[in-house]
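Please find the structures below.
Both complexes shown next keep chain A, but they swap its partner, so chain B is in the first and chain C is in the second.
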Partner chain A sequence: MIVVNYLAAGALFCIGLYAVLSRRNLIKIVMGLSLMESSTYLLLISLAYRDRSTAPVLVGPPGGRSPAGLAHGNVADPVLQNFCLTAIVIGVAVTAVFLSVAVRISQHYRTLDADRVRALRG
Partner chain B sequence: MSAASGRAAEPRHRPWLAMILVVALGAGLAVALIGLPREHAALPAIARRALVVALPRWHITEPVNEVVYGTRGFDTFGETFLLLAAVVSVVLLTRRREHRAGGGGEEEAGRREERAIDPDCSVADRWEQLARLAERDEGTGTHLPRTPDAERLGQPGPERAQAMSVVVRTAARTAAPVLALAGVYLAAWGYSPGGGFPAGAVMLGVVILLYAGFGRARVEHLVRQSRVEVLELAGAAAIVAIALLGLVLRGSVSSNFLPLARDPQTILSGGVLQAFSGSELIEVSTGLIIAVFALLDMRHDWASDEEQER
Partner chain C sequence: MSDATLGSLLPVAVIAPIGGAILAPLAARVDRRAPLAISLAALGAALAVLLMVAPRVFAGHVITHYMGHVVPFGGHVLGIAFAADPLGMTFAIAAAAIGGLLLLFTLSSLRELGARELGGYACLFQLLLAALIGSALTADLFNLFVWFEVAALSSYGLTGFYLERPIALEAAFKVLVLTTLASFLIFIGASLLYAAHGALNFAQLHRALAHGTSTVDVVAVALLICGFATKAGLVPFHGWLADAHTAAPGPVSALFSALMVNLGIVAIARIVLQIFGHAAPAALPDLLLVIALVSAVGGALLALAQDDLKRLLAYDTISQMGVLGVGIAVRNAGGLAGTTFSATRCSRASSSCAPERSST
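Moving on to the complex of A and B:
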């Protein structure tokens, strides 16, 4: 039933995208982008899951198996967990850039309303 | 106008159009997600390879670390420099106007221009005066005791934002060294998936805990940009050096050239992986500290207030 997680990640992504498209407050747009990022974490971790698997740690294997035997056994996908780790760091960095842009915009235009930031509109 | 009406009903930007687009995308996503491999699928070949080589080749029990710093080390290498690029852009966006000793500095020029366009600008209302005073205290702590610990307890008078109460300060003093040690442990022994990445986040947590407890002036020496930037670039240089030494000594980027400990779960067991992870700890923790404190340090920046002039 891991497909429920996939669909939840898709729904989370759509909620975030709706916030980005429909909101005018820049902070809420950044929050929408953060939601979209977290949906990718959920999807990556759910994709890594295998039925009745153990964590990809080769120590203290269950049921008297050796660590080397565990490597060939039923474990969660370590590559996708790696993707999730790197995605989190990228997400933090991107959010920091967006927030500093939002603060500068609010200082310059005295508003966080994206529709009132119209210096480029002729 | 919009600020006043914004409280009643927040302005939206064509919600119906956004709804149509999102529902269409959501339907497409659902079809794609249902077609993805599920929990009974076999592991991909690269995942199986990481699990098999982690113990014999690298003497580590963490296949995730093997993937992060070994099999997909080049990917991590690129991501590290993406983080560095993001930190550089945050620093550029948040920097203050340069303060120069002589005339003609950006700050002085900005002030002159401000006075020319808006002569009333120096007449600030009470709230602005209070905010400016608090901002000045936060930075230098001019008329406050040098440390919040020097303030006598149980004094009447308004609570200042400089630091939190003695209870919180004592708790932060107790927790910070433990957390810092845990952060270094996560990277040094490589038992945690990702090593340097979560460890760097823990180190940022330690600094933010101290900032919340003791105020900006007390963590100044920890987060001074000129110092932390040098550390971050040293971490980045170490990562480049590790990758290049692997290429020179062993013929491929970030392959192992260090002696491995015989037993797993010791500090030397991962060889180059541990060195990479430790450098990543420096790079990630300092990068995140720079980004967070650059955001916290953003000051009032004068700009013409066109809406009010009209």
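Moving on to the complex of A and C:
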């Protein structure tokens, strides 16, 4: 099951990279980068999972289990999940900057076509 | 002062510029000159702290500080740690000192800007410097990524600072695409290393890797080197550097070539020398040497073909980074000393080019 996740992450990354390289619309380039970003989230969450592990929440354990027992038992790696959260926050900021630059470009050139933006250069 | 007291001062070197970055846009409402005065004070405080710690560091002690006093448990570093070693210290001091001088220079070069713009400029500039000082002092791989990301976000803002200039928008977009791709590579590389060894601290990773490297480690180091080589502007990954330099205001492009790209080299040095050391895959030093030499020669040749002064200086920077990379690729004390020496020398040279940069 987890192999499927790795394959899906790889496929998403490749689709995103293809979009970045082949599309000329700036918004589509940003979408491609977002896809690549989400593939890294999927990869991280899959790396954090161990076979039949539970969520790394030690407060208020399910019936019959103690926090200490959970900590010594089989829980998913919280550090990698934490990475993922950090990456999501950074990703939001980067996407915001991307889109604001795209908005300014479209206001200035009246187009979002990367080729035409380049043609106007110099 | 004891090492612990000195260590507890280390975060101030990062917190002072971040605090200044928050205050600067607010102070701009009071007076036009206030943001720059605050920035200079904040950077002065950072530099003073670094200079207080420096004698002890250069005497051969590594000063460490664990944030929130989350001390290592059973040989595992659990919290966020700062460690000042001579290499990182040199670059942190260079960042604070040269950053302060460039801000002072801004007073004369961007005199025509309004209060709001000066506030924003001072804010982004200090965030960038705080991130650079942080990445020089940090002791773990993930925080290195985070500091580089903070530096990258503020550098996007500074590249596109002249929003009315079309070229700045185009350059900002290009820089964004390329450096974001680099960040993905660094991020995946760091998480692969963590997943394989359960550690992020440089020293802990080094100990884990001493027993030999697996395929995952080789993939991770390849991703990390590609990512940081992009940040450092080494040749196959140098596409963004010239555009960013052309578009950014004069002092900012001096900051990029004097400090930001150098930190990419420091990150590569940390990976090659500190994390991998002698356990590095056999091809790694050779590959790095090839990249560095191609950058050194190729950057210089491309510089000859430029007719824009700022682009010429950008390609010269690429060439300098190649020279710095060679010092790391040879992997001995002399090489590293040469790298550190020529990095500080070319930081000074690049920043003294700031007047020419802003006049073009």
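Heads up, the rule we're going with is that the second predicted complex is superposed on the first by the 112 of 122 C-alpha atoms of A that agree within 3 Å, B and C clash if a C-alpha of one lies under 4 Å from a C-alpha of the other, contacts with A are read in each partner's own complex, and residues count from 1 in each chain.
We adopt the following convention: a residue touches a chain if its C-beta (ideal position, glycine included) is under 8 Å from a C-beta of that chain, and two chains touch if they have at least 3 such contacts.
Only a predicted model underlies this, so the values are computations on that prediction, with no experimental measurement involved.
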Worksheet item: Between chain B (first) and chain C (second), which, if any, makes contact with A:A93: first, second, both or neither?
Response: both
Item to complete: Could you say whether A:V117 touches chain B, chain C, both of them, or neither, answering first, second, both or neither?
Response: second
Discussion item. Which chain, chain B or chain C, ends up touching more residues of chain A in the combined arrangement?
Written reply: B
Item to complete: Would you sort A:N25 into first (chain B), second (chain C), both or neither based on which partner it touches?
Response: first
Worksheet item: Is A:L33 touching the first partner chain B, the second partner chain C, both, or neither of them?
Response: second
Worksheet item: So, A:L44: does it touch chain B (first), chain C (second), both, or neither?
Response: second
Practice prompt. Based on the superposed arrangement, let me know which partner A:H72 touches: chain B (first), chain C (second), both, or neither?
Written response: first
Worksheet item: Is A:R104 in contact with chain B, with chain C, with both, or with neither (first, second, both, neither)?
Response: both
Item to complete: Would you mind listing the overlap between the chain B footprint and the chain C footprint on chain A?
Response: 43, 47, 77, 79-80, 86, 90, 93-94, 97, 101, 104, 108-109
Worksheet entry | Footprint of chain C on chain A - complex, ascending | 20, 26, 29, 33, 36-37, 40, 43-44, 47-48, 77, 79-80, 83, 86-87, 90, 93-94, 97-98, 101-102, 104-105, 108-109, 117-118, 120-121
Worksheet entry | Residues on chain B engaged by chain A in the complex (per definition of touch) | 2-3, 6, 10-15, 17-19, 21-23, 25-26, 29-30, 33-34, 36-41, 43-44, 46-48, 50-52, 54-56, 61-64, 66-68, 71-72, 75-76, 79, 82-83, 86-87, 89-90, 93-94, 193-194, 197-198, 201, 264-265, 284, 287-288, 291-292, 294-295, 298, 300-301, 303, 305, 307-308
Worksheet entry | Touch list for chain A against partner chain B, complex | 2-3, 6-7, 9-11, 13-14, 17-18, 21-25, 43, 47, 49-51, 56-59, 67-68, 70-72, 75, 77-82, 85-86, 88-90, 92-94, 96-97, 99-101, 103-104, 107-111, 113-116
Worksheet item: Where on chain C is chain A touching in the complex?
Response: 142, 146, 149, 152-153, 156-157, 160, 163, 166-167, 169-170, 172-173, 176-177, 180-181, 183-184, 187-188, 190-192, 194-195, 200
